[in-house]
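Read from first to last, the chains carry the letters A, B, C and D; within each, the first residue is number 1.
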């Protein structure tokens, strides 16, 4: 009888089986888009705003496309230290002309910008927009950095994936958590928290005015709630509970607070965001809302707008409700409320973190089984892991260009038994390890990485 | 025997006697600069950074001049909806050349920009800088809006006042609270808190690295501490205690939270800030620190960067410590720490609020005394108050172009007796009223306004 | 015996035969990239700078990719009224870090931005760049508008085309005229000149310093030489010769100068440019060169930077020659010389204009032949032309969504005989018409459009 | 009988007699503003636009104030390498609200920015604007660098001078040439032309639309006419006539063209400009006109926008003619026409250059006369000249901190006799020298500098 674990593993493997070799290939042609995935979804009533996501599970990485049923007025605020953007210059000109068709957020760092241009060309290829200057499709977008030590391959959201997302777009539904562009997002590296993150969204209606906020949170800082607490973190030893950014920040730059050490290295991070309102606004006031809301995010993400972030926020007015309509909001109130909606969105981006396997000291794995697991597993052209059985123990060492999470190139590490087929490398960032069907699965589950012999 | 009250009043009046007619005159020539005033001061060790303040007590309004002993590298980040600035364009060019001599913050809205240019010309007039292109004085600056209903006249910091501040500059001392450019600052109008504010400063040394942050807090939003509480507010009826911005904001846009009402009107506000570091930084990284620190202020001021703010932040590197020096900070750490120092500075800006007079129901004022107080008192060309004795009560009504705080033009209001010569108009924004030496003093004390018959 | 004309036509047709149906299809998959085409080429010695072009003859439209053998420092100046750009925000941050791999110019308006992102992903797909933050590929780019009345279809440079250009890139060769991104460029619409344009390039070496300038001239204004004369124009009736922008501009806004009338309508235009130097420059000085050179282009293109242009200029420093090297130029001299090189580049962009067929009044076409030509020819989903024989004459009328150059939808126009199979519609913008192999070829030659029955 | 020369000299001296000591004093209090001076004036009919100039003849230096009878909408374009500006940030926000009261241009480099703030405070001091947020005065401005080797003192336009200009403002009159802010302007240093320059203005009415352009031309480059010729230059030896920028630029970077040498040193220059239209325009389109016109100036000034320029252009819409009015212009046409008007303005800025004294070899000056001229003449705290009689010749040497034009500190130079009391130092930049009333007058006439013993 298959255990639940086995069933789940089979299911997870099935999802990637057909394309399991893809991460090795260089070409992404065989990868299958997974459209609008996710269990937890924000639902709201706004036909003008359609949203689609698509993911390559093998990354995992993905893209989120926001499409407006009719062209909308746009503004942008760029604040991060390493932004990747498309067509922001046009938005900055301040014309009072609605022209934005789509806003596209993507993983894959600068390679993911292909998703933004793909959304425009898809609308043309599909015959919904032409090349005539009064009917051309304007797509704007931004990306997050989800490479580096976030995953063991460099698959990126490409034209095909973005067009799948666009064509799957539907109104009123937005997947929350590690989905779409936020599929492999992470937060908190500044403090060494290094937790999985994702995309968040929130919606509020005030009289006739609809306000939606979306954000792909891949911040160097930590997600902070309205009580001043860190929402998710792999804490350091002896860190206080509850954990507050204020306390961590007070420890800067050295461990004046017990147990805290600054991170030794840094890499790219990004938070890309979108505010949509249905009220008409002059370009200067829409720009003001972009500035105000983007600035306000420094409350929910701490620190924010650092050199290692690439923060970008788009603001869109669909112009359905005239600003002279009774119940229309002043731009100040709109900016303030939208800032709160954005904080809600930030909070909703945090996915449930995976449970760490617990080593079972009493479990003895038979030598034959150990030998069965041994071998070299390839995750991608850049990461391989060699598993060996030594003295009744299983050890692993990375053999490619990079480390495989807690399995480093520098030295072999023991895989401690958890259950038949399951092992763990404990630590601040514990690594769940599973052998199944001749494959090596690191972090089995939503963020799993599969190595094949 | 003079009471303490009488003594204090005499003292306060003395301070303005020689120039008491000034607010009436149109010309500001007779006003006397008060240099480096204030009881509460930040002290720190940094010879390269000299600070001077000067105030016209009759405003009250003032100016704060930061002068660098040797020219420094500068950057600027402008985020507010109504900024007033000088020479920001030059800073934006990104040259790696230290050229800033002074940063000047001033009250007086756009008129106060005269303070910035005055600092440059003073250095030339004093022979410290010439007109030669390699020795010319670059002064940059920004202003706050301290007119409107903040005070009853439109005196502004002028060239003479700014030059007094410059010439009085000294290292290592910065007056905290309602001094210098923050002399008539106010915060919290967005929520109707309407409390006195001021200028704040903080300093931190980390190994060889010195970081100072200064800010003149005249924000539309409220000052918020690290526990998420509003630091100062004239609360509405039934508002919760402790008061949190989070709760107030959650009540937007209508009183979903008990007792909170949105403000009915808005006007100009501004927070102008300065970060100074002694470490060398490339222009791009100094700019990054400006962006990061300015953004971080959204935590300590809520809301921030609205249409009715005019927020500007300058960042200066004095370049005394090479960034290769052991102990020098990465730009990320520097930005994070400077953001915390800035939050400290924000918190230090809040002055002790004046005590409201308490009406004494049992006190009966003799008719003759009432009659003695009657008359029309002029505060400036724009504000006069007519005091009348009616039915044994004293009533007051504004007769000029504008209201006089709680004494409105629309209708007479009773001045309720407190003590001999002292009265009050109670309310959410209570008005302390004193008659002394034939003058009418509103809010006697640090922010007093004096009307003469 | 085949005439030369027949041979050339056959050749021209052959080039597009295999894909002649493509413009009809919606998908561009069957189009064949034509790489590095063009007879007239700028040649220069600079191994660090590789250039590739690729075109779809069926558009015609194309892309030009500039690739740096090692990552280079970049800056950008955006001045036009309708720019389409990728990754300019990153360049604006002013970091002193060489990171640009490619600069991509493309036709196809906003759809052509796919070419920019394609260059980045091609470098990754080819294994030359990874996703790691220190080895990621930064591609920046801009596009021109070559739709509208420039050609009879809306084919755009896509990922496949751009990658063909990138992979075909070679040092030291740059095709001049209507090639690459400038394949369907046009200039002079503001004055109604409406001539074919293209891409220009120029190179100068001064001591150790190499300077190259490239520009895709698709300007609303006219190309102007150093003697103040218009280089190419379809002149209005009675226009003076030589034609000078100064005279045309003096006629604004009405025909104060004989014969000149302002254009009745306007559409999108763009000039996108690149300056490359091998000398190191601080970011601020590289930015200065971008500003100075871009501004200087107002001499060679008149008018320039209008609302209907989308001008963008990138400046790149490959950093091969240290600015302390003997013979290195000051940034001012560099900017001035580069501006002259850019003017040379502008002048080199003008292709030889096609010769207009001359109607032959004596030529009588047999009725059978006329009938043979009759029919409805489809050029793309948006343009079809119906040819009919009436009263011994051949007439044509556009039947699709848009006009076919001088063959309008509004009314049929006579095709006047020129030679067997050749006809013309004379006028300010004469249309050469050829029937060959059952196809209708408008403007046979470099810019030909082919309609099939 | 007094000769004409003597009469003129007396007149010139009289103009500065009362304040002749001022340049020595450090304080500028004794200087007398000369308001609206100049013989050559642009006249036009536009009551909404008032202009005033004021100068200190002792500099000479001055200020030009443009005042709008009712608040106007503004935009700004900053392009130069060293701009000095006030309140540009506010203009950039793009609000559709007319708020500009005055645009102020001034000499005096960064010190001259005092003129801009002075215009605002003067309107308040005069009671025409208040401090209330809906009636506050917004003044924007920019400066030119007229120090260095342009004149022998460092007098700058101060608050008093600017307010004199503001109060003297009148509609429809603009002094052309070396007046107002252009009083000591210079052009052509890049080529070593080094000629006097000034302020230019031009006006055109097209149907109901009024367009005015003003510019203070202090460019590093040369003024160029529509025939491509340099308008004014002190040419190098053997330079071709007519002189064309194109030929000079073609000689870059070394003397490939006969006789041309690049300048050995550089300093600050600036061209500050203003376009005013009476038609309403959305902020984005007014901004577009600023960009387009500013860019177009590269034709009339070559080179333009270099590192050593500080170019700034303001665009103002007075909003008197609605853009829906018959005859209103499209923003493109408006931008094109305004660019031509600006070129006219540039050309009108060039003053008549002073005539060089011709040495009279036959003239023998009596030894007693020579001795009478001997002595040390002080021009300012930074420049003095010692004149000595040696061997029957008169020689001069600068003895202060700087050179006095052709009279250098390095070595004495002979003053060659011209006429009684008149001498010359011939050369590419000839220096006219006159002794009168015990004073030493360099360049007697409009730009004279007076030294006193």
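Note that in this section a contact is a pair of C-beta atoms (placed from the backbone, for glycine too) under 8 Å apart; a residue touches a chain by one contact, two chains touch by 3 or more.
None of the values given here were measured: they were computed from a predicted structure.
K.L.:
If we define chain centres by averaging CA atoms, which chain lands farthest from subunit C? Would you check?
P.N.:
When every chain centre is compared against subunit C, the largest gap points to B.
K.L.:
If I rank A-D and B-D by number of C-beta contact pairs, which comes first?
P.N.:
B-D
K.L.:
Per the centroid of Cα atoms for each chain, what is the distance between subunit A and subunit B, given in Å?
P.N.:
Spacing between the chain centres: roughly 43 Å.
K.L.:
Would you kindly tell me how far, in whole Å, the mean C-alpha position of subunit D lies from that of subunit A?
P.N.:
58
K.L.:
What is the distance in Å between the mean C-alpha positions of subunit B and subunit D?
P.N.:
Going by mean C-alpha positions, subunit B sits 39 Å from subunit D.
K.L.:
Mark out which residues of subunit A touch at least two other chains, giving numbers and ranges.
P.N.:
In subunit A, the residues touching two or more other chains are 81, 93, 288.
K.L.:
Report the residues of subunit D in contact with subunit A in the complex, numbered from low to high.
P.N.:
Touch list, subunit D to subunit A: 93-96, 282-284, 287-288.
K.L.:
Which residues of subunit D touch subunit B once you look at their complex with the stated criterion?
P.N.:
Those residues of subunit D that touch subunit B are 26-27, 78, 81-90, 93, 108-111, 113-114, 116-118, 120-121, 124-125, 127, 130-133, 136-139, 145, 147-148, 154, 156, 158-159, 267-268, 312, 381-382.
K.L.:
Can you list the subunit B residues touching subunit A in their complex?
P.N.:
Interface residues on subunit B, with respect to subunit A: 79, 81, 190, 206, 220, 226-228, 246, 249-250, 252-253, 262, 266, 285, 288, 291-292, 294-299, 302-308, 329-333, 335-337, 339-340.
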